[in-house]
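Note that chain A is present in both complexes that follow, paired respectively with chain B and with chain C.
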Partner chain A sequence: MSKYVAWVTQALFIISLLSGLIVVFVYYPSNAYDSVQKLSFITPFGLFFRELHYFSSEIFIFSILVHILIELSKKEIKINFKSWIYSIFALLVALVLMFTGFVLKADQSANAAAEVAFSLLKDTPFLDKFLPLVRDNFVFYWKFFVWHGLFLPLIIEYAILKHVRKLSVNISYFTIALGVTLLVSLFLNLPRDIGLDEKVLHVKGPWFFWGAENMLQAGLSVLGINVVIILPFLLLIGMYKSNTKLLKILLLLWVIIYAYFSV
Partner chain B sequence: MLNKKRRKFLNLLPYTLVGGFSYPVVKFFLFNDKPEIKMLIPLKELKEGITYIEKSKIFIYKNSQNIDIYNAHCTHMGCILNFNKDTKQFNCPCHKSRFDIDGTRLRGPAKRDLDKIAFKIKNKTLQVG
Partner chain C sequence: MNLEKPIAKPSSPDQCMSCHSSTTNMDKSHPIEVFGCFKCHGGNRYATNKKDAHRGVVLNPSRLEYANRFCGECHSDVVKRVSSSMMQSQNGILNVLKFQWGELSTPIGLEGVVELKDKNSTSLAESHFRKACASCHVNQHEDVFDDKKYARGGGCVDCHRIEKGHQEKNHYVHSKLSSKIPSKNCLKCHNRSNRIGISYFGKFESEGYGTPYKHGEFSHKLDGSRFYYELPADIHHTKAGLDCIDCHTEKGVMGDGKKNHHMEDAEDIKCNDCHKPKFKKADSLAVMLSDLNGNIPETKSIAYTNKKNSPIYNLQKDKNSTKFYRKRDGKAFDMSNMSNKPYHTLDIHKRLDCTSCHSSWVPSCYGCHEVYFENGKQFDWVKREVTKGSWQEFRSFLRFESPSLGVGYNKKIMPFAPGCQVIGTLFKDKKVEKFHAMAMAGWDPHTTQKEVRSCEDCHFNPASLGLGRGNLDIKNNRIFFEPFYNSKKSGMPFSYPIDGFVSSDGKQFQTTSRKDARSFNKKELQKIVGAYKCILCHDRYSDKIYKDFNKSKILFNSGKTVCLD
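Right, the complex of A and B next:
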């Protein structure tokens, strides 16, 4: 079962990569919001490729999670430790890719998400040194664009290659992945872009950040948020050496608490 | 002799190329001077109440006696604030902090008042920065 999910996950990654390669041609970081709107409403097939990129990436994240959950449900994790670490790392990079992708849509919620990320980095000891890696004071979305379009795809490709040893496309799984993505994009809509001049009472970041956002609103410190974010990754790493009930319960507790804060 | 020199040069070439190409990458990521906010606004162009300057992300508050300039970023997590004309308050759309029109914090999670920005008035012109 885990193998089949892995094949679909790889296919989803390739669909996301290829659709991203198409939308990048109409994206201008210096005029980000307008270029996204142009892509969605003027460029022929622009919305189709934007939806394909968005939904394949979302399903990619879900399939990584399912893939990891299947491995955890087994009595012992059968892959080697390095391969396990690379899969956890790939999940982390995939989430950062999703976050940078969310920011690149450049609407009000994207802008707010970027500002919150800057503040989190700025107020975290040691990580504050890395702020210039993402914040560009001249073209706001420029560094997000470079990370999302170049460095992060290279890093995740490296992690996936180290995890599976060979990145290959099985045409059957590719067809399944493409079919599922198209089906989902038929029934679901992209989250609405909030215009830069719109007066809104509340803006939200990407769905996997809602829990952290609500914890921030409840008054949790930046250090606390960092612990909340890093904890599941540490638990997943720890599960390789001792796939004990205690760690599984802790992870489940984390999921329940985070889900509670997310809604 | 010439061969040796050429070989030495060729051996150094890859390092030079790597160094040359990595310079813009390192500069791009690590050095980013923050542009100072510098603006000149004729006083007569300023309306009473709140004016938002999108480019510099600042709010200018002018009333009959006074002018104040605030950073439009929330002091909690940096989101851009909205000004509500009805309640005369600044609202944070991210985590719902609130600030009064004079920048005083009304409701958390923000812990401090809005940051004020220094300015001068010279020749009937507001000089920011």
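Right, the complex of A and C next:
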């Protein structure tokens, strides 16, 4: 089962990559919001490819999670430790890719999410040194664009390759992945872009960020947030060595608490 | 071969026009073909469905909370100035009111509409301000006025809109904006209190009746239930049909970026600026303003205000003449400088403000009875909701003739009128309280005439002297005055006549609206009245004693000339 999910996951990644390669042609970091709106409303098939890019990426994340869960449900993890680490790393990079993609839509929620991320980085020891790698004082979205469009895809490709050893496209799984993505985009809408001139009382970041946002609002320190974010990855790494009930319960507990704060 | 191909009309850059294609242009400076809709109204310019396109749309971007984002993209300096101007804050009115009602020790303060918004105060003056005065400020919400005829506010459009947007049969007529602001826009607010706006057009608000009838209707009716008498209008209106903006500069009206305390601090123009002008080379602002106006020719030499160095771009000088151009239509009028005749150059009158002689009348509203009901409910114009406490206003009587004189905010002698005389009754839970706050204020009433008040009208008219209406006599160089108005018999809580600013021995009865403003003191009263015996004979400036008045005075004091009386 896990194998099939892995094939679909790979196919989803390729769909996301290809659709991203198309939308990048009309994306201008110096005029980001406008170019996203132009893509959505003016460019022929712009909205189609934007939706394809968005939903394939979202499903990609879910399928990684499902893939990991299936592996965890087994008595023992059969892949080697290095490969396991690369898969966890790929999940982390995928989430960062999702986050940078969210920022690149450049609406009010994107700007707010970027500002929150900047503040978190700024107040986190050691990580604060990396702030100049994402913050650009001239073109706000430029570094997010470079990360999202170039470095992070390269990194995740590298991690996936290290995990699976070869990246192959099986036409059947590709068709399944494309079909699922199209089906989802047929029934679901993109989260709406909050115009820069709109007056809104509350803006939210990407869904996987909601828990952290609400924990910050509830008064948790920046260091605490960092622990919360990094904890599930540490647990997943730990599970390779000892896939104990305790670690599973801890992970489940984390999921419940984070989900609670997310809603 | 015809090379002159017609230039195609550029289409709007916004998708909005796919639905709003029939909308007319706002004005020649903001053509939709160039600006589109999004630039001024926000929303989503690329969306082709109503829901997405209208998300974040601002119907009136000129409201000051939006203006910086929209209008401010090109007019940022103006938006900043208007936002800090008195037209927006009304701090002048609020702080003078608090001072006169004994809540502040000085009439100077910067607290205004914006500061009151989130304040819960128990101040009586603030309550009155909220329930009455605060309806007039440039950023008032137009939709809070039940009768749209009286709607004010809306930000920039409060002054600049000359036609409201409306749907016509086949197209939508966009609100029309103009820099040629018609006086009726100014009159939306400037028709009460010191009533400058209506006085300029020769309307004196009368008592509460409207006879004589005309065509089955009350004649001489102002808006609502107010009536007026026709009195001589200001000469600037009768002679040249000038509008408010012909004199008032953009800096004077929209503010200079400073937080001013009083109207005269914000005000820029003075009579001398046009009637004794200083010409300089037209600066870039002057060129821009005349270009924007379209009716005023661009020239090299224009007048500037003395106070803020603002260009009076419609007062221009060329080789042969000085012309004043009416902004509304560019009609030119020859301007002649203020004469150097004795009445303008005599030292004895150097303390006179132009208004003291040239203002023919002043609307004087005596005795304002303000009644407060603590348990009543009334609309709060700051919070824009009905809140506890209500006010009702009644007045005693109105006069226009022989305005009182006093020493004004500029330390010059100018007309004074009640501003304001409040006799208050406060109906609280189970008790009734009373208070009074009597004040006179000096201002330019905008009733200028070329002909001036007679010498007697200033030197021997008790009303002009500030004593009030009554009988005036001089015996042994002492002033005796018997007022007509008996405050005690009229049930007033004070003994001086209601129209009395000062007693015959120089004791000031009423406060004023400014720190430096006051009534005449004893010495000044005696000096003014003392000159009356000379005026009885020497009542024309053509009289030879005025040719060299100082010399005439020396001759008289040394006994070389004698009084023939």
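In this section, the second predicted complex is superposed on the first by the 263 of 263 C-alpha atoms of A that agree within 3 Å, B and C clash if a C-alpha of one lies under 4 Å from a C-alpha of the other, contacts with A are read in each partner's own complex, and residues count from 1 in each chain.
As a convention for this text, a contact is a pair of C-beta atoms (placed from the backbone, for glycine too) under 8 Å apart; a residue touches a chain by one contact, two chains touch by 3 or more.
Owing to the predicted nature of the structure, the values given are computational and were not obtained by experimental measurement.
Participant: Is this a clash or a fit when chain B and chain C both end up on chain A?
Facilitator: Once chain A is superposed (C-alpha atoms), there is a clash between chain B and chain C.
Participant: More residues of chain A in touch with chain C or with chain B?
Facilitator: On the superposition, B touches more of the residues of chain A.
Participant: Once chain A of both complexes is superposed, is A:11 in touch with chain B (first), chain C (second), both, or neither?
Facilitator: neither
Participant: Could you look at A:177 and tell me whether it touches chain B, chain C, both or neither (first, second, both, neither)?
Facilitator: Touch partners of A:177: none, neither chain B nor chain C.
Participant: Taking the superposition as given, does A:219 touch the first partner, chain B, the second, chain C, both, or neither?
Facilitator: In the superposition, A:219 touches chain B alone.
Participant: Is A:199 contacted by the first partner chain B, the second partner chain C, both or neither?
Facilitator: Both partners.
Participant: Superposing the two structures on chain A, identify the stretch of chain B from 37-45, 73-81, 91-99 or 109-117 that clashes with chain C.
Facilitator: Residues of chain B that clash with chain C lie in 37-45.
Participant: What part of chain A is shared between its chain B contacts and its chain C contacts?
Facilitator: 199
Participant: Would you mind writing out the residues of chain B in touch with chain A in their complex?
Facilitator: Counting only chain B, the residues touching chain A are 28-35, 73, 76-80, 82, 91, 93-96, 108-109.
Participant: Within their complex, state which residues of chain C touch chain A.
Facilitator: 15, 42-48, 52, 55-58, 69
Participant: In their shared complex, at which residues does chain A touch chain C?
Facilitator: Listed in rising order, the residues are 34, 37-38, 40-42, 192, 195-199.
Participant: In the complex formed with chain B, which residues of chain A make contact?
Facilitator: Touch residues, chain A against chain B: 108, 111-112, 115-116, 118-120, 132-133, 135-138, 143, 146, 199-203, 213, 216-219.
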